[in-house]
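What follows is a short report on a single structure.
For reference, chains read A, B, C, D, E and F in written order, and residue numbers begin at 1 within each chain.
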Amino acid sequence: MKMSIRNQITGKVVSVTKGEAMATVKVEIVGGHTLTSSITRESADDLGLEPGKDVTVLVKSTDVALGVEG
Amino acid sequence: MKMSIRNQITGKVVSVTKGEAMATVKVEIVGGHTLTSSITRESADDLGLEPGKDVTVLVKSTDVALGVEG
Amino acid sequence: MKMSIRNQITGKVVSVTKGEAMATVKVEIVGGHTLTSSITRESADDLGLEPGKDVTVLVKSTDVALGVEG
Amino acid sequence: MKMSIRNQITGKVVSVTKGEAMATVKVEIVGGHTLTSSITRESADDLGLEPGKDVTVLVKSTDVALGVEG
Amino acid sequence: MKMSIRNQITGKVVSVTKGEAMATVKVEIVGGHTLTSSITRESADDLGLEPGKDVTVLVKSTDVALGVEG
Amino acid sequence: MKMSIRNQITGKVVSVTKGEAMATVKVEIVGGHTLTSSITRESADDLGLEPGKDVTVLVKSTDVALGVEG
(Lines give C-alpha, C1' and ligand atoms only; values in the text may rest on other atoms or scores of the structure.)
Protein backbone atom coordinates (compact mmCIF):
# COMPACT_ATOMS: atom_id res chain seq x y z
CA MET A 1 0.00 0.00 0.00
CA LYS A 2 1.29 3.44 -0.99
CA MET A 3 0.52 5.92 1.75
CA SER A 4 0.04 9.65 2.22
CA ILE A 5 2.29 9.34 5.28
CA ARG A 6 5.38 11.20 4.01
CA ASN A 7 7.87 10.13 6.65
CA GLN A 8 8.93 6.51 6.49
CA ILE A 9 12.32 5.50 7.87
CA THR A 10 13.61 1.96 8.26
CA GLY A 11 15.27 0.92 11.49
CA LYS A 12 15.74 -1.83 14.04
CA VAL A 13 13.96 -2.27 17.37
CA VAL A 14 16.25 -1.63 20.36
CA SER A 15 13.80 -2.10 23.24
CA VAL A 16 10.12 -2.60 24.01
CA THR A 17 8.57 -1.51 27.32
CA LYS A 18 5.04 -2.83 27.76
CA GLY A 19 2.35 -1.45 30.03
CA GLU A 20 -1.25 -2.66 30.27
CA ALA A 21 -2.64 -0.32 27.61
CA MET A 22 0.42 1.15 25.87
CA ALA A 23 3.96 0.17 24.87
CA THR A 24 7.04 2.31 24.29
CA VAL A 25 9.30 1.12 21.49
CA LYS A 26 12.85 2.39 20.83
CA VAL A 27 14.05 2.11 17.23
CA GLU A 28 17.57 2.77 15.98
CA ILE A 29 17.73 4.39 12.54
CA VAL A 30 20.68 5.40 10.38
CA GLY A 31 23.07 8.04 11.65
CA GLY A 32 23.03 6.78 15.22
CA HIS A 33 19.62 8.24 16.04
CA THR A 34 17.21 6.36 18.27
CA LEU A 35 13.53 7.17 17.81
CA THR A 36 10.75 6.55 20.34
CA SER A 37 7.28 5.30 19.42
CA SER A 38 4.25 5.08 21.70
CA ILE A 39 1.75 2.55 20.39
CA THR A 40 -0.92 0.34 21.93
CA ARG A 41 0.23 -2.73 23.81
CA GLU A 42 -1.95 -4.70 21.39
CA SER A 43 -0.02 -3.40 18.37
CA ALA A 44 3.32 -4.25 19.95
CA ASP A 45 2.08 -7.80 20.53
CA ASP A 46 0.47 -8.14 17.07
CA LEU A 47 3.60 -6.99 15.25
CA GLY A 48 5.78 -9.26 17.39
CA LEU A 49 8.08 -6.36 18.24
CA GLU A 50 11.27 -7.33 20.04
CA PRO A 51 14.91 -6.17 20.01
CA GLY A 52 16.58 -6.74 16.65
CA LYS A 53 13.40 -6.77 14.56
CA ASP A 54 13.37 -4.65 11.39
CA VAL A 55 10.66 -2.00 11.37
CA THR A 56 9.60 1.07 9.43
CA VAL A 57 8.95 4.23 11.43
CA LEU A 58 5.90 6.16 10.17
CA VAL A 59 5.10 9.81 10.92
CA LYS A 60 2.38 11.99 9.33
CA SER A 61 3.72 15.39 8.19
CA THR A 62 1.21 17.32 10.29
CA ASP A 63 2.85 15.76 13.38
CA VAL A 64 6.33 17.06 12.53
CA ALA A 65 7.32 20.36 14.19
CA LEU A 66 10.52 22.32 13.59
CA GLY A 67 12.91 24.37 15.70
CA VAL A 68 15.78 26.74 14.93
CA GLU A 69 18.60 27.90 17.19
CA GLY A 70 18.84 31.47 18.47
CA MET B 1 14.41 24.12 27.35
CA LYS B 2 14.50 20.35 27.90
CA MET B 3 11.41 18.78 26.37
CA SER B 4 9.30 15.66 26.74
CA ILE B 5 9.38 15.42 22.94
CA ARG B 6 11.56 12.33 22.51
CA ASN B 7 12.36 12.60 18.83
CA GLN B 8 14.69 15.43 17.90
CA ILE B 9 16.80 15.15 14.75
CA THR B 10 18.95 17.89 13.27
CA GLY B 11 18.79 18.58 9.53
CA LYS B 12 18.83 21.22 6.84
CA VAL B 13 15.87 22.77 5.02
CA VAL B 14 15.62 21.65 1.38
CA SER B 15 12.44 23.44 0.31
CA VAL B 16 9.52 25.48 1.65
CA THR B 17 6.13 25.56 -0.06
CA LYS B 18 3.86 28.24 1.36
CA GLY B 19 0.08 28.37 1.15
CA GLU B 20 -2.18 30.96 2.78
CA ALA B 21 -2.66 29.05 6.06
CA MET B 22 -0.07 26.26 5.97
CA ALA B 23 3.44 25.58 4.73
CA THR B 24 5.14 22.33 3.76
CA VAL B 25 8.82 22.11 4.66
CA LYS B 26 11.26 19.46 3.40
CA VAL B 27 14.24 18.74 5.66
CA GLU B 28 17.22 16.56 4.82
CA ILE B 29 18.60 14.59 7.77
CA VAL B 30 21.54 12.20 8.05
CA GLY B 31 21.49 9.01 6.02
CA GLY B 32 19.98 10.63 2.95
CA HIS B 33 16.46 10.78 4.35
CA THR B 34 14.24 13.76 3.60
CA LEU B 35 11.48 14.45 6.11
CA THR B 36 8.31 16.47 5.49
CA SER B 37 6.80 18.88 8.02
CA SER B 38 3.42 20.62 7.80
CA ILE B 39 3.36 23.76 9.93
CA THR B 40 1.46 27.03 9.86
CA ARG B 41 2.51 29.60 7.29
CA GLU B 42 3.05 31.94 10.22
CA SER B 43 5.59 29.57 11.81
CA ALA B 44 7.49 29.22 8.55
CA ASP B 45 7.72 33.00 8.29
CA ASP B 46 8.60 33.51 11.98
CA LEU B 47 11.42 30.97 11.89
CA GLY B 48 12.74 32.41 8.64
CA LEU B 49 12.77 28.96 7.04
CA GLU B 50 14.49 28.78 3.67
CA PRO B 51 16.67 26.26 1.83
CA GLY B 52 19.98 25.67 3.59
CA LYS B 53 18.83 26.71 7.06
CA ASP B 54 19.71 24.39 9.96
CA VAL B 55 16.66 23.07 11.82
CA THR B 56 15.73 20.47 14.40
CA VAL B 57 12.87 18.13 13.53
CA LEU B 58 10.57 17.47 16.51
CA VAL B 59 8.10 14.58 16.80
CA LYS B 60 6.14 13.51 19.90
CA SER B 61 6.36 9.74 20.53
CA THR B 62 2.59 9.28 20.45
CA ASP B 63 2.70 10.42 16.80
CA VAL B 64 5.16 7.72 15.75
CA ALA B 65 3.63 4.55 14.25
CA LEU B 66 5.50 1.40 13.22
CA GLY B 67 5.24 -1.14 10.43
CA VAL B 68 6.80 -4.55 9.78
CA GLU B 69 7.13 -6.44 6.53
CA GLY B 70 5.15 -9.58 5.79
CA MET C 1 3.44 -3.94 5.43
CA LYS C 2 1.61 -4.77 8.66
CA MET C 3 1.20 -1.62 10.74
CA SER C 4 0.69 -0.59 14.35
CA ILE C 5 -2.00 1.77 13.05
CA ARG C 6 -5.12 0.08 14.45
CA ASN C 7 -7.78 1.89 12.47
CA GLN C 8 -7.91 1.03 8.79
CA ILE C 9 -11.17 1.44 6.89
CA THR C 10 -11.65 1.08 3.17
CA GLY C 11 -13.63 3.67 1.24
CA LYS C 12 -13.95 5.67 -1.94
CA VAL C 13 -12.82 9.24 -2.58
CA VAL C 14 -15.74 11.67 -2.95
CA SER C 15 -13.88 14.94 -3.40
CA VAL C 16 -10.41 16.49 -3.28
CA THR C 17 -9.86 20.19 -2.50
CA LYS C 18 -6.28 21.26 -3.15
CA GLY C 19 -4.50 24.27 -1.68
CA GLU C 20 -0.84 25.20 -2.17
CA ALA C 21 0.45 23.24 0.84
CA MET C 22 -2.45 21.04 1.94
CA ALA C 23 -5.38 19.12 0.47
CA THR C 24 -8.70 18.11 2.01
CA VAL C 25 -10.02 14.72 0.90
CA LYS C 26 -13.53 13.43 1.52
CA VAL C 27 -13.91 9.63 1.65
CA GLU C 28 -17.15 7.70 1.80
CA ILE C 29 -17.00 4.54 3.91
CA VAL C 30 -19.60 1.89 4.68
CA GLY C 31 -22.75 2.90 6.54
CA GLY C 32 -23.15 6.18 4.73
CA HIS C 33 -20.38 7.96 6.67
CA THR C 34 -18.10 10.44 4.94
CA LEU C 35 -14.70 10.96 6.53
CA THR C 36 -12.43 13.97 6.04
CA SER C 37 -8.65 13.73 5.70
CA SER C 38 -6.17 16.62 5.69
CA ILE C 39 -2.94 15.62 3.98
CA THR C 40 -0.19 17.45 2.12
CA ARG C 41 -0.94 18.60 -1.40
CA GLU C 42 2.09 16.54 -2.44
CA SER C 43 0.55 13.34 -1.03
CA ALA C 44 -2.74 13.98 -2.81
CA ASP C 45 -0.84 14.38 -6.08
CA ASP C 46 1.45 11.38 -5.48
CA LEU C 47 -1.43 9.03 -4.69
CA GLY C 48 -3.41 10.29 -7.67
CA LEU C 49 -6.44 10.94 -5.50
CA GLU C 50 -9.61 11.80 -7.39
CA PRO C 51 -13.32 11.07 -6.99
CA GLY C 52 -14.10 7.36 -7.28
CA LYS C 53 -10.66 6.11 -6.31
CA ASP C 54 -10.48 3.31 -3.72
CA VAL C 55 -8.53 4.28 -0.60
CA THR C 56 -7.86 3.04 2.90
CA VAL C 57 -8.38 5.51 5.74
CA LEU C 58 -5.67 5.24 8.42
CA VAL C 59 -5.93 6.62 11.97
CA LYS C 60 -3.53 5.99 14.88
CA SER C 61 -5.37 5.02 18.09
CA THR C 62 -3.85 7.88 20.10
CA ASP C 63 -5.67 10.26 17.72
CA VAL C 64 -9.11 8.80 18.44
CA ALA C 65 -11.16 10.58 21.13
CA LEU C 66 -14.55 9.50 22.47
CA GLY C 67 -17.72 11.22 23.61
CA VAL C 68 -20.85 10.11 25.44
CA GLU C 69 -24.26 11.76 25.61
CA GLY C 70 -25.59 13.43 28.75
CA MET D 1 -21.42 22.09 21.00
CA LYS D 2 -20.75 22.11 17.27
CA MET D 3 -17.14 21.17 16.64
CA SER D 4 -14.46 21.64 13.99
CA ILE D 5 -13.72 17.92 14.42
CA ARG D 6 -14.97 16.60 11.07
CA ASN D 7 -15.06 12.89 11.82
CA GLN D 8 -17.76 11.81 14.25
CA ILE D 9 -19.07 8.25 14.10
CA THR D 10 -21.46 6.65 16.56
CA GLY D 11 -20.73 3.18 17.92
CA LYS D 12 -20.83 0.90 20.91
CA VAL D 13 -18.01 0.03 23.32
CA VAL D 14 -16.79 -3.55 22.94
CA SER D 15 -13.97 -3.61 25.49
CA VAL D 16 -11.95 -1.38 27.81
CA THR D 17 -8.39 -2.24 28.86
CA LYS D 18 -7.15 0.01 31.64
CA GLY D 19 -3.53 0.72 32.57
CA GLU D 20 -2.32 3.14 35.24
CA ALA D 21 -2.07 6.16 32.92
CA MET D 22 -3.86 5.14 29.71
CA ALA D 23 -6.80 3.02 28.57
CA THR D 24 -7.47 1.27 25.27
CA VAL D 25 -11.10 1.25 24.17
CA LYS D 26 -12.54 -0.86 21.33
CA VAL D 27 -15.65 0.53 19.65
CA GLU D 28 -17.80 -1.25 17.10
CA ILE D 29 -19.24 1.01 14.40
CA VAL D 30 -21.53 0.30 11.47
CA GLY D 31 -20.33 -2.04 8.76
CA GLY D 32 -18.66 -4.45 11.14
CA HIS D 33 -15.63 -2.24 11.77
CA THR D 34 -14.06 -2.08 15.22
CA LEU D 35 -12.12 1.08 16.00
CA THR D 36 -9.46 1.47 18.70
CA SER D 37 -9.09 4.56 20.87
CA SER D 38 -6.24 5.36 23.26
CA ILE D 39 -7.34 7.82 25.91
CA THR D 40 -6.29 8.62 29.47
CA ARG D 41 -7.37 6.22 32.19
CA GLU D 42 -9.01 9.21 33.82
CA SER D 43 -11.20 9.84 30.76
CA ALA D 44 -12.27 6.21 30.61
CA ASP D 45 -13.32 6.39 34.25
CA ASP D 46 -15.01 9.79 33.92
CA LEU D 47 -17.08 8.74 30.92
CA GLY D 48 -18.02 5.46 32.62
CA LEU D 49 -16.92 3.49 29.57
CA GLU D 50 -17.84 -0.19 29.63
CA PRO D 51 -18.97 -2.79 27.09
CA GLY D 52 -22.33 -1.94 25.54
CA LYS D 53 -22.17 1.80 26.16
CA ASP D 54 -23.04 4.10 23.25
CA VAL D 55 -20.22 6.44 22.27
CA THR D 56 -19.23 8.82 19.50
CA VAL D 57 -15.80 8.36 17.97
CA LEU D 58 -14.05 11.69 17.28
CA VAL D 59 -11.08 12.18 14.93
CA LYS D 60 -9.58 15.50 13.75
CA SER D 61 -9.03 15.58 9.96
CA THR D 62 -5.32 16.33 10.29
CA ASP D 63 -4.96 12.93 12.01
CA VAL D 64 -6.46 10.99 9.10
CA ALA D 65 -3.96 9.52 6.61
CA LEU D 66 -4.79 7.70 3.37
CA GLY D 67 -3.38 4.74 1.47
CA VAL D 68 -3.94 3.32 -2.00
CA GLU D 69 -3.17 -0.13 -3.34
CA GLY D 70 -0.40 -0.76 -5.84
CA MET E 1 -21.75 15.52 24.79
CA LYS E 2 -19.21 14.73 27.50
CA MET E 3 -15.83 14.04 25.89
CA SER E 4 -12.61 12.20 26.65
CA ILE E 5 -10.81 15.32 25.41
CA ARG E 6 -9.33 16.59 28.69
CA ASN E 7 -8.31 20.08 27.63
CA GLN E 8 -11.18 22.46 26.99
CA ILE E 9 -10.61 26.19 27.36
CA THR E 10 -13.06 28.93 26.47
CA GLY E 11 -11.87 31.94 24.49
CA LYS E 12 -12.69 34.45 21.80
CA VAL E 13 -11.63 34.40 18.15
CA VAL E 14 -9.07 37.09 17.32
CA SER E 15 -8.42 36.35 13.65
CA VAL E 16 -9.12 33.81 10.91
CA THR E 17 -6.78 33.28 7.96
CA LYS E 18 -8.32 31.10 5.27
CA GLY E 19 -6.48 29.13 2.62
CA GLU E 20 -8.06 26.78 0.05
CA ALA E 21 -7.82 23.65 2.22
CA MET E 22 -6.93 24.88 5.70
CA ALA E 23 -7.58 27.84 7.99
CA THR E 24 -5.54 29.26 10.87
CA VAL E 25 -7.56 30.61 13.77
CA LYS E 26 -6.19 32.74 16.62
CA VAL E 27 -8.08 32.52 19.91
CA GLU E 28 -7.50 34.67 22.97
CA ILE E 29 -7.98 32.86 26.27
CA VAL E 30 -7.73 34.04 29.87
CA GLY E 31 -4.42 35.33 31.14
CA GLY E 32 -3.56 37.15 27.93
CA HIS E 33 -2.58 34.01 26.03
CA THR E 34 -3.41 33.67 22.35
CA LEU E 35 -3.71 30.11 21.03
CA THR E 36 -3.42 29.03 17.39
CA SER E 37 -5.61 26.36 15.80
CA SER E 38 -5.18 24.80 12.35
CA ILE E 39 -8.45 23.37 11.10
CA THR E 40 -9.97 22.69 7.70
CA ARG E 41 -11.30 25.65 5.75
CA GLU E 42 -14.60 23.81 5.71
CA SER E 43 -14.76 23.73 9.52
CA ALA E 44 -13.97 27.43 9.77
CA ASP E 45 -16.84 28.15 7.37
CA ASP E 46 -19.27 25.72 9.03
CA LEU E 47 -18.69 27.13 12.50
CA GLY E 48 -18.99 30.69 11.21
CA LEU E 49 -15.71 31.64 12.84
CA GLU E 50 -14.92 35.36 12.82
CA PRO E 51 -13.26 37.82 15.20
CA GLY E 52 -15.19 38.23 18.46
CA LYS E 53 -16.95 34.86 18.34
CA ASP E 54 -16.89 32.75 21.53
CA VAL E 55 -15.25 29.36 21.05
CA THR E 56 -13.96 26.44 23.10
CA VAL E 57 -10.42 25.26 22.39
CA LEU E 58 -10.11 21.46 22.42
CA VAL E 59 -6.86 19.49 22.77
CA LYS E 60 -6.44 15.74 23.34
CA SER E 61 -3.98 14.96 26.17
CA THR E 62 -1.75 12.82 23.93
CA ASP E 63 -1.08 15.98 21.88
CA VAL E 64 0.22 17.95 24.85
CA ALA E 65 4.01 17.96 25.33
CA LEU E 66 5.93 19.52 28.21
CA GLY E 67 9.22 21.37 28.62
CA VAL E 68 11.31 22.43 31.62
CA GLU E 69 14.02 25.07 31.82
CA GLY E 70 17.70 24.19 32.26
CA MET F 1 15.50 27.00 20.45
CA LYS F 2 12.72 28.91 18.70
CA MET F 3 9.99 26.49 17.62
CA SER F 4 7.21 26.24 15.07
CA ILE F 5 5.00 25.01 17.93
CA ARG F 6 2.64 27.99 18.30
CA ASN F 7 1.07 27.17 21.64
CA GLN F 8 3.37 27.52 24.62
CA ILE F 9 1.89 28.22 28.04
CA THR F 10 3.76 28.27 31.33
CA GLY F 11 2.32 26.47 34.32
CA LYS F 12 3.06 24.38 37.38
CA VAL F 13 2.78 20.61 37.76
CA VAL F 14 -0.11 19.55 39.99
CA SER F 15 0.17 15.76 39.78
CA VAL F 16 1.98 12.97 37.95
CA THR F 17 0.46 9.51 37.48
CA LYS F 18 2.98 7.00 36.17
CA GLY F 19 2.25 3.76 34.36
CA GLU F 20 4.81 1.37 32.86
CA ALA F 21 4.87 3.01 29.41
CA MET F 22 3.05 6.32 29.82
CA ALA F 23 2.50 9.05 32.40
CA THR F 24 -0.36 11.51 32.86
CA VAL F 25 0.67 14.95 34.05
CA LYS F 26 -1.71 17.64 35.32
CA VAL F 27 -0.51 21.23 34.93
CA GLU F 28 -2.17 24.33 36.35
CA ILE F 29 -1.96 27.39 34.12
CA VAL F 30 -3.20 30.95 34.58
CA GLY F 31 -6.91 31.56 34.96
CA GLY F 32 -7.52 28.48 37.09
CA HIS F 33 -7.32 26.03 34.19
CA THR F 34 -5.70 22.64 34.66
CA LEU F 35 -4.32 20.98 31.52
CA THR F 36 -3.62 17.28 31.06
CA SER F 37 -0.59 15.92 29.22
CA SER F 38 0.06 12.30 28.22
CA ILE F 39 3.76 11.67 27.71
CA THR F 40 6.05 8.67 27.96
CA ARG F 41 7.01 7.49 31.43
CA GLU F 42 10.60 7.98 30.33
CA SER F 43 9.99 11.69 29.61
CA ALA F 44 8.32 12.21 32.97
CA ASP F 45 11.35 10.66 34.67
CA ASP F 46 13.90 12.52 32.53
CA LEU F 47 12.32 15.91 33.16
CA GLY F 48 12.03 15.18 36.88
CA LEU F 49 8.36 16.10 36.84
CA GLU F 50 6.74 16.36 40.27
CA PRO F 51 4.12 18.58 41.90
CA GLY F 52 5.21 22.22 42.10
CA LYS F 53 7.69 22.09 39.22
CA ASP F 54 7.50 24.88 36.63
CA VAL F 55 6.82 23.62 33.11
CA THR F 56 5.86 24.92 29.69
CA VAL F 57 2.91 23.26 27.97
CA LEU F 58 3.51 22.75 24.23
CA VAL F 59 0.80 22.06 21.62
CA LYS F 60 1.18 22.05 17.83
CA SER F 61 -1.55 24.09 16.08
CA THR F 62 -2.72 21.16 13.97
CA ASP F 63 -3.68 19.42 17.24
CA VAL F 64 -5.99 22.22 18.36
CA ALA F 65 -9.69 21.79 17.51
CA LEU F 66 -12.47 24.32 18.14
CA GLY F 67 -16.10 24.17 19.20
CA VAL F 68 -18.94 26.70 19.28
CA GLU F 69 -22.18 26.61 21.24
CA GLY F 70 -25.56 26.08 19.59
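Keep this in mind: contacts are C-beta pairs under 8 Å (C-beta built on N, C-alpha and C of every residue); 3 or more make two chains touch, one makes a residue touch a chain.
Not measured: the values here are computed from a predicted model.
The set of chains in contact with subunit A as well as subunit E comprises B, C, D, F.
The centroid of the Cα atoms in subunit B and the matching centroid in subunit C are 22 Å apart. We define each chain's centre as the mean of its Cα atoms; on that basis subunit C and subunit D are separated by 16 Å. Multi-chain contact residues of subunit E (touching two or more other chains): 1-6, 19-22, 24, 36-43, 47, 56, 58, 60-63, 65-69.
By the contact rule set out at the top, the touching chain pairs are A-B, A-C, A-D, A-F, B-C, B-E, B-F, C-D, C-E, D-E, D-F, E-F. Note for the complex: subunit D touches subunit A at residues 17-24, 36, 38, 41, 62-63, 65-70. Against subunit A, in their complex, subunit C makes its touches with residues 1-6, 37-40, 42-44, 46-47, 56, 58, 60-62. Residues 5-9, 24-25, 27, 29-33, 35-39, 43, 47-49, 53-69 of subunit C are the ones touching subunit D in the complex. On the side of subunit A, the complex with subunit D involves touching residues 1-5, 19-22, 40-42, 60, 62.
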